[in-house]
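What follows is a structure written as structure tokens; I'll ask about it next.
Note that the chains are named A, B, C and D in the order they appear, and that numbering of residues resets to 1 at the start of each chain.
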């Protein structure tokens, strides 16, 4: 099979070139650290709790596209699908730190956990207070009693939004951490893959799916899901995803939720809106109220086709931070 | 008493580490394919980035001690590889280098100590134990074999470690992953060896080839 | 060849179901007309110049995703790649009209022109003042002396943003039309296709490209471009696109521009950011200043892979309306 | 003086229009493929939507005059087909119906008048002339042929129009599109017939088959 067709220069330089392009696309609101693959805000207030996000590249606009007002203060960027190294995280943390400690927020993967932990230990040696919240929203990754084994997928975006809002408004790292932990306890997602994506440097698809197959629960790097099955209707897919997500927390009648449908890459918005229609029928029938919706492209897996559904149960505090205006390349709202 | 011809001095150690680096870089595709089967398909390019960085670093500032040679490799991997492998292999080399401080030659005992200490640090960092289908399943038996063979000299210690790690790789085929990106595969991970374990065996095999030829 | 794999229910109902999903995704800010495929704002002020946009579906989020504050007041939705019929346009226009006349803003295609014209005649019979501005930004579609023969592509988004801002602030249809005409005179785009998209109801790809071919200048429905060629590097593609766009207006040293890189569907943001890097090098070298950037997914052609580059030359007035905050499902900015 | 057996009354006209509708619907794929070659590939499904709408509308409220029968078809196409074809074919039937107001039968002259008037409206709406590779290149020769054959009766007029439109379709193969979605193809549009012209010929051919069998 021919390599997937992509508009690239040197496949080994994709991350470096992408970062250059990303900084320019931010119209001056962020900059890159001179010697490290990290993005930081140029308009950071003098005093605030810092929010550092990050992870492997290749999921654009996640994470480095979410640096900006009421979002991340900085992002450490790894290579494609590879957690950033401790030195990148450490340097970015040093730059965003404003004397009130730093919240590390990232998806729960062995690589990210280890690299961020090493950086946290280095920062603690420097006397900087670091707390870590790992996003664990993927219900397909492990049973409910092992949420700490779950991957972080599109729940990342709501988490960044809430932690970003909280880190702008709240005065202490304790408080910001408390809000982020509450949010992560209330967010659940599941994805479905329709076609594979590829890593630019290897040129290889990260998994294989037959022409008539989909995989429910596939992870954001092509990790195995909960079931591979024949393609079925949008409604049937939505039904299955919702069954898994709703029963997990579980979400109950009377709950108010934020609903995100996230494009993993090559799926059309038309498909996602058709799925949204069914999801709303299901939520309606169960007495669950949608406080806000987001349908778009935020966490991608290169050109993978498929999407994920995220629900976060909200209280007044989470609503407040989730609904704050936000400004970044990848997510912006009035 | 140790056979002094069966040790590596600083230059030889550096040469061995360069040989190891080139050997792993040569196997990029094999490692990538192994990671495609049960992970995300980036292990090969990650290890290549790390060992290319190691070569550059050793060329830029030739290490002035055996400890620093190993540490230089570890630091390069830690900062260039990224992902799980960067943290794990970086920690292995960096932590493993420490007890060799002040030593002028690498002998069997030193090599065993490098592996023991590196293993301990990696276990702590990764929070996994043997049997979870990770590189631990190659490095742990290798460290035990090296310790057993330490008195017989460096060549023997390395050869024993390499053989044990290769058996470890084979053993990972029969394990179900309970950590890392392969975890959610469950039983579907059966039959496939762990990519990180393969990297361990490639590293030790290269050391064996180097010392055998040395 | 197997039909493209999509998450759908009945392929004949895609537009109806998409609209249901779209209205729900807007969290109450828009509604659908009871008997017509049209979307209108629920929060329309009592008095304003109305902005009606629209066109064929299948390009989501364009057009119907751009209805909201400081954007379109309503959108008439056609079937996939087919202009909306006059009755849809007429009914939507009646509902958004607030006594100050209506600006019709849409892409310049024979089908859209005729259907919107028929509706305009019906409205004029009712005594409602209608003006029409057609977007003609695609430099690949016709030579500069025949801009009236050019297609509208991603320039649509900047046009909606500017006309939307102007229609919120300016008091007369004359003034809003004047601003929109100035904007359209200053916007230029060109696209490149890397892989084809398909129409859900036919299940057929709308064109064919070999595994190693791209088409420069391809239109938003797969219309022929200016040249089909072998895949080349991102920088080489950017160079060619920029050469065609810059020389057309032409843009000159000292100009200030807005720059949009729009994903036609399945292209990764990583690729677009790598292209952005090169485009900024080119603009820099020519002394053209970028006032604002937008890199994202706004005008799609189903799952087509490829992207377009849009430049709009700005003056203070255009900047003012382009930079106004905006709120809609598909485009939102602080 | 007209041969009264060579005319269609209201019921027969409605039946003919239903037959036309079904015939075009049957050719959805052919029209889609023609549009895939030089347009955006939706012409077949657009015509199907329009004529399905026409069938529904005629069933829901049976037209009470020949004028209304043609207008019902035009209105359905105008509102269901969308795109260029919706405006064009909708206009053709709606405008063409007007001069038939008050007529109880459709005869050769009436048919020629329908085409003449429809053509004029379509030329105005679309702003194109003959030779630009559109449905005009089928409808214009058809209208001329119908006018010439009008005195020979409806069957003759329709047959002549159908044959002329078919020649028109063939002629579009040698034209370079200068309007619509095919315009940017330039010379690459050569060899392909125009989809809208094919639709015209299918409509007239169905009328011919209906009246031949009637």
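As a convention for this text, a residue touches a chain if its C-beta (ideal position, glycine included) is under 8 Å from a C-beta of that chain, and two chains touch if they have at least 3 such contacts.
Nothing here was measured: the structure is a model prediction, and the numbers come from that model.
Any chain touching subunit A that also touches subunit C would appear here, but none does.
Look at where the CA atoms of subunit B average out and do the same for subunit C: the two points lie 54 Å apart.
Here the spacing of subunit C and subunit D, counted between their Cα centres, is 32 Å. In whole angstrom, the spacing between the mean C-alpha positions of subunit B and subunit D is 77.
The multi-chain contact residues of subunit A, meaning those touching 2 or more other chains, do not exist; every residue touches at most one other chain. Taken chain by chain, the contacts run in an open path, each chain touching the next and the two ends left apart.
Interfaces, counted as pairs of touching chains, are A-B, A-C, C-D. Chain contact summary for the complex, subunit B toward subunit A: residues 32, 36, 39-42, 44-46, 49, 78-88, 90-91, 125-126, 179-186, 188. On the subunit C side of its complex with subunit A, the touching residues are 2, 5-9, 14, 17-22, 24-27, 57-58, 60-61, 65, 69, 192, 194-195, 200, 211-212, 214, 231, 233-235, 237, 261, 265-277, 280, 290-293, 295-297, 300, 302-303, 305, 307, 325-327, 329-330, 332-334. Note for the complex: subunit A touches subunit B at residues 56, 78-88, 109-111, 114-115, 117-118, 140-142, 149, 151, 199, 201-202, 204, 206-207, 217, 219, 221-225.
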